[in-house]
Every structure is written in C-alpha cells, then in structure tokens.
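Presented below is the structure to which this report refers.
Chain nomenclature is as follows: A, B and C, assigned in order of appearance, with residue numbering initiated at 1 for each chain independently.
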Amino acid sequence: MSDSAAPLEHVVEALLFLATEPVSTAELAEACEASEAEVDRAIDLLGEVLSEGRRGLVLREVGGGWTLATDPAAESAARRLLAKPRTPPLTQAQAETLSIVAYLQPVSRPEIARIRGVSSESAVSTLHERGLIEESGRSRFGAVVYRTTPLFERLFGLTGLDALPDPAQFDPTPEDERELRERLLRAGEQRATT
Amino acid sequence: MQASDLDLDLDAFSGPFDLLLALVLREELSLAEVALGEIVVAYVEHLDREGDLDLEAATEFLVLIASLLELKSRLLLPAPEEDDEPLLGPEEAADELLARMLEYRRYRAAAGHLAELFGTGRRYLYRSAPPPPELRRASLDAARHVYEPASLAEALGGLLRTPPRPDTSHIRPTVSLERRLGVLRELLRRGSAFDFDDAFGSEDRLTQAVTIFALLEMHKRGEATWEQDETFGPIRVTAR
Amino acid sequence: MSDSAAPLEHVVEALLFLATEPVSTAELAEACEASEAEVDRAIDLLGEVLSEGRRGLVLREVGGGWTLATDPAAESAARRLLAKPRTPPLTQAQAETLSIVAYLQPVSRPEIARIRGVSSESAVSTLHERGLIEESGRSRFGAVVYRTTPLFERLFGLTGLDALPDPAQFDPTPEDERELRERLLRAGEQRATT
C-alpha cells in the first residue's frame, strides 16, 4: 500500500466515492497497490461501518463490483433538494436556442445551429438538463427533434404555447410575408457567410 | 526560455541578460555604454535559432528592452527646457513608479498565497457523478414563473436580423520587414548590385518605406551598402 | 423532519453525497424540512466523523456551502484508479493573474496587463480553460471582464470570496515603503544630473 498512513478501508471508501461505476475487487487492489485479500478485508470492515441505518451511505455489491449509495431513508429529502427546478438567468445562447425551439417546435439541432450560425450543443444540453426542452422524436433525416416541456410553460408563466408573445415588435422586417422558419434559416445562412 | 536567460556577448558586457539588468539598476554599469541594438539583434538571432516563438517570453523581453530604451533616452537627451510641457519631476516620477510597484507587489504576494492554497486544495477530490435521474427530474409543482416570455420574442427578433457586410476598405495589406529582407537578399544574390527605383519604384509607399528599413538593417549587419550621388538621385545598392 | 427514522446527520451526509455542487445550510434545511439550527448541529456531528484521517471522506466548507471530498491520503490511489494525471500547479503568471481577478473582479484583460506590466493573454486563456475564471460581461469600454468561478473556490478550499485574506497584509511596512521611495528618488536624481 502506498498511501502508508491511511488504513486501506479509508482509501477504498474514497475510491468508491469518486467512481461513477461499481469497482471490482481486482481494480481496487491495483489502485491501492494491495493484494485482493487485503482489499477483501477492507471491504468487510467498510461494509460494517456502512451498513443500512449506520450512516447516510451504504456499501452495495452490484454488477460485479462495489459501490456507495445513499441510505433509502434520505430519498424524500434528496428529491426535495435535487428536483427543485434550477432557474439561473439564461445566457444569450440559451435564450436564442430556447426561442427557436419554442417558436418552431419541433426543431432539430442542425436547424438550431444553422439559424444561430454556431454549433449550439452546450445550450441544447443545458436546456435539456434543466427540463426546459425535451426530445420529441426524429426528423425525416433521422436527427433528434426538440420541443418545449410543461415545465417551460410553468417557468415562463404561459398558459400554453399559443400564449407565446408575437415576435412582431422585435422583428426588423415585419412586412416579410414568408414563413418564420424559412426567414430564420435564411438570416442564419447570411450571418454565417459574413 | 525566459528573456532573462538570454546570453549576451556585447562590447561593454558579457553574461546573461538579467545580470545586465541588475547591474544597470544598481547603477554599476552605465546604460550609455551598452548598445541596446546589439541586445535586440542577439535576441532576434536567438529566436531564429529556436524556431518557435514563446509569446510569454517575447513579451517579457519587449517590456524589459522598452524600459531600458526609455531609461537610456532620458540619459542621452538633454533635460527639457523649463517651459516645455510639464514632465513629471523626479519626485512625482518616483511616486508614480512606487505606486505601480506596490500595486504589483501586492498581487504578486497574494498570488503566492493562492498558489499555496491551490497546492493544498488540489489534493481533495470531489465526486462528479451526477445524481440518479429519477431523483433529479424537476418537479412541476415546485416551479414558479421566473422568466419573462418577452425575452423569447426578443431573442427571436435578434435572430431575424442580418448584419450589414463589414466595411473592409480600411484594411491594408501588411508589409513585413522579414519578407522585405528576403526580397533584398534574393535580388543581391542574383546580381551583386541593383538600382532601388528600378527594383521598387512601382511599389506603394508603405512597401517602399519598409524596404528602406530593411536596407538600413542590412547595412547595419554589414550585408549591403548603398550610395546616392545627389538628393532624390538614383540609389545604387551593392552587396558587401 | 420527515424521514423520521434517520438521524439528520445521516440524511445530510446522503444529500452531500448526491449533490455535485456545495450545498448551503439553508438549502439543506429546506430539503430536510428542518431548522437551520438543527442542520448546524447535524453538520457539527458529521464534521466530527468526517474529519481528516478519520475515514476516507472529509466534510469541507467551500464555495458558500458544504461538500464531501476524499481525504488527501487517498489521492495517489484515486489518481491510479481514475487514470487522472495530477493537476499541474499554477505558473507564476497564472497565479498573479488569478489573484488580480480574485481581488478586483470583475476585471478586464487590459487592467490585468496594466497591473502585471506585461500582456497576460496566455495566462487568462489557460485559467479560463481550466475553469478557474469565466467571462462576466463587458466593461464600459467594451472589453470582456472576468470573475472567478465556483470551481475556483472549491479547488482553493475557500468558503467564499470573503475568505480571501486582505491583500493589504502583503503590503510592505511604512518604513520599507519609505526606504523604497527614497531609493527610487535617488536613482531619479542621479539620472537627471547625468
């Protein structure tokens, strides 16, 4: 063992805390530079400390490896903490992406990128992660298409999609009769070439 | 390489650049005796050998050499006339310099403190695994009206706008000293002499000016010389 | 408290395990449906169990909240397991630039360059890439201004920006300052007479 001072079960606990997937005894042994028998003993000790009801975390054996999980008793508190909608102010990229999805839905990532003139991967994933947009199938060309969610309507105080404000007052050429989608794509292409 | 490590072999001094700086600052070596041009040449030659340009080091060098030049110009030029535009008196100059040094010192010391914190802090590792999705899903009940719908219409309006084509008329082709040096050397390789007007008379003024600079540089390095018998007469450039 | 069976410190431990960002006392109290005083007590208890050297995990107060981290003793094993190289230390230029951003935020590149006396482009971009600073808008003159990120507070073990020491403590004593000024003055006078 290389981290000489620390008992092996402490190091194992730290490793399981950091790992996103279950870790096998062999992998633990290699990382700790210890034998598998030593790791087994450490796992036993740890399992005793982290058995249900003893602490907030429990040691579990799943899928051929070891992992830490939260005690089921904490579930409702976890839901209250984590299921709260996150609503920091939207960045320019997020607001643009969201407005495209809101007004054109369903709309695909490539279309969003063409209209904005830049790849919009990170704005799309943030909006998706925050539950403002969701996947709603695939386009003719096989690309995932997006639409807004009921959470979106709630956070924007909208009674429905038909309550979205008319963009006319912000429209530089409101007299243009063409369809909104076509106009946005055209403007995006022009921006891309300048 | 840091600019301070640059090895110098000048008439008045031989050794690393930072030692030269130290001697000048301690006034053990008079700047009047040091040919700053030679330092620049040594640095440019060093860059040539090195091949790639370390921006940080080059910047450091420029700052150092610029301050030396400023110092030397003050040494060499006569003190300004009384009624000239008011330059900072020695007292004000010292105060200003002091204020700047103190400000920098403060953040340099704070930087040391931060680096220490970082040394300790980076030994702690944090979990980055996201919580299970079923715990994460935002609940509709907890959602409140926080965003203004008009912001969406506004963002969309912005996307309908097409930018005017940028005006590029002010952009002029750049002329590099390095390239002009190349052109001159090539001309001198082909014949041992040429007439400046014949070779460059049809170029624009900027190119002509930079070419003259390049000639000055070559003259200094002993690569070429030139003569002009009368003002505005033809200029004859000869390889040496 | 709603999860009646489990002691609050267990629930808090579970919440901190699940959350990817530091969680404030107020947020914990809301999620646990407990008072902040109760959460404070639970944090005290948890902090005792999770103090350095006691287990594999430690409780830390950083970036305006509470979070779990691995004990530094497990660092090398963790890097072997996750195949993560050690984070490189900051260069002098990066540390200086970061200290200027930390103390003067929001601050623009030209301001940083003025204080350091050299252009600081590459230090700024490296700090930006490493997630220690981020853009926070534009100055009156249109220059991008920077601020530090929550990651900065976490990596530097700061409870918040107000935990930075007063930079005046790094200033020279009045005597040193006077001496420095006199030396500069003498140098200036000598120059003027030559």
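Quick note on the criterion: contacts are C-beta pairs under 8 Å (C-beta built on N, C-alpha and C of every residue); 3 or more make two chains touch, one makes a residue touch a chain.
A quick note: this is a predicted structure, and the numbers were derived from the prediction, not measured.
**Q** Which one of the chains is farthest from chain B, going by Cα centres?
**A** In terms of C-alpha centroids, the chain at the greatest distance from chain B is A.
**Q** Relative to the centroid of every protein C-alpha atom displayed, which chain's own C-alpha centroid is closest?
**A** Of the chains present, the most centrally placed is C.
**Q** Provide the C-alpha centroid distance between chain A and chain B, rounded to the nearest whole angstrom.
**A** Each chain's C-alpha centroid was found; their separation is 44 Å.
**Q** Counting in whole Å, what is the centre-to-centre distance of chain A and chain C, each centre being its mean C-alpha position?
**A** Distance between chain centres, rounded to whole Å: 25 Å.
**Q** Using mean CA coordinates as chain centres, what's the gap between chain B and chain C in Å?
**A** 32
**Q** Residues touching two or more other chains, restricted to chain B: which are they?
**A** 125, 127-129, 131, 135
**Q** What are the residues of chain A that contact at least two other chains?
**A** 14, 17-19, 75, 78, 82
**Q** Quick one: in the complex, what on chain C touches chain A?
**A** 2-3, 5-6, 9-15, 17-19, 23, 27-28, 30-33, 49, 53, 55-57, 68, 70-71, 73-78, 80-82
**Q** Note which residues of chain C are touching chain B in the complex, please.
**A** Residues 17-20, 58, 60, 67-70, 72, 74-75, 78, 86-87, 89-90, 92-93, 95-96, 98-100, 102-103, 115-119, 121-122, 154-158, 164-165, 167-168, 170-172, 177, 180-181, 184-185, 187-192, 194 of chain C touch chain B in their complex.
**Q** Tell me, which parts of chain B touch chain C in their complex?
**A** 27, 55-56, 59-60, 63, 71, 74-75, 79, 90-91, 93-95, 97-98, 100-115, 117-131, 135
**Q** In the complex formed with chain A, which residues of chain B make contact?
**A** Within the complex, chain B touches chain A at residues 125, 127-129, 131, 135-140, 142-163, 165-166.
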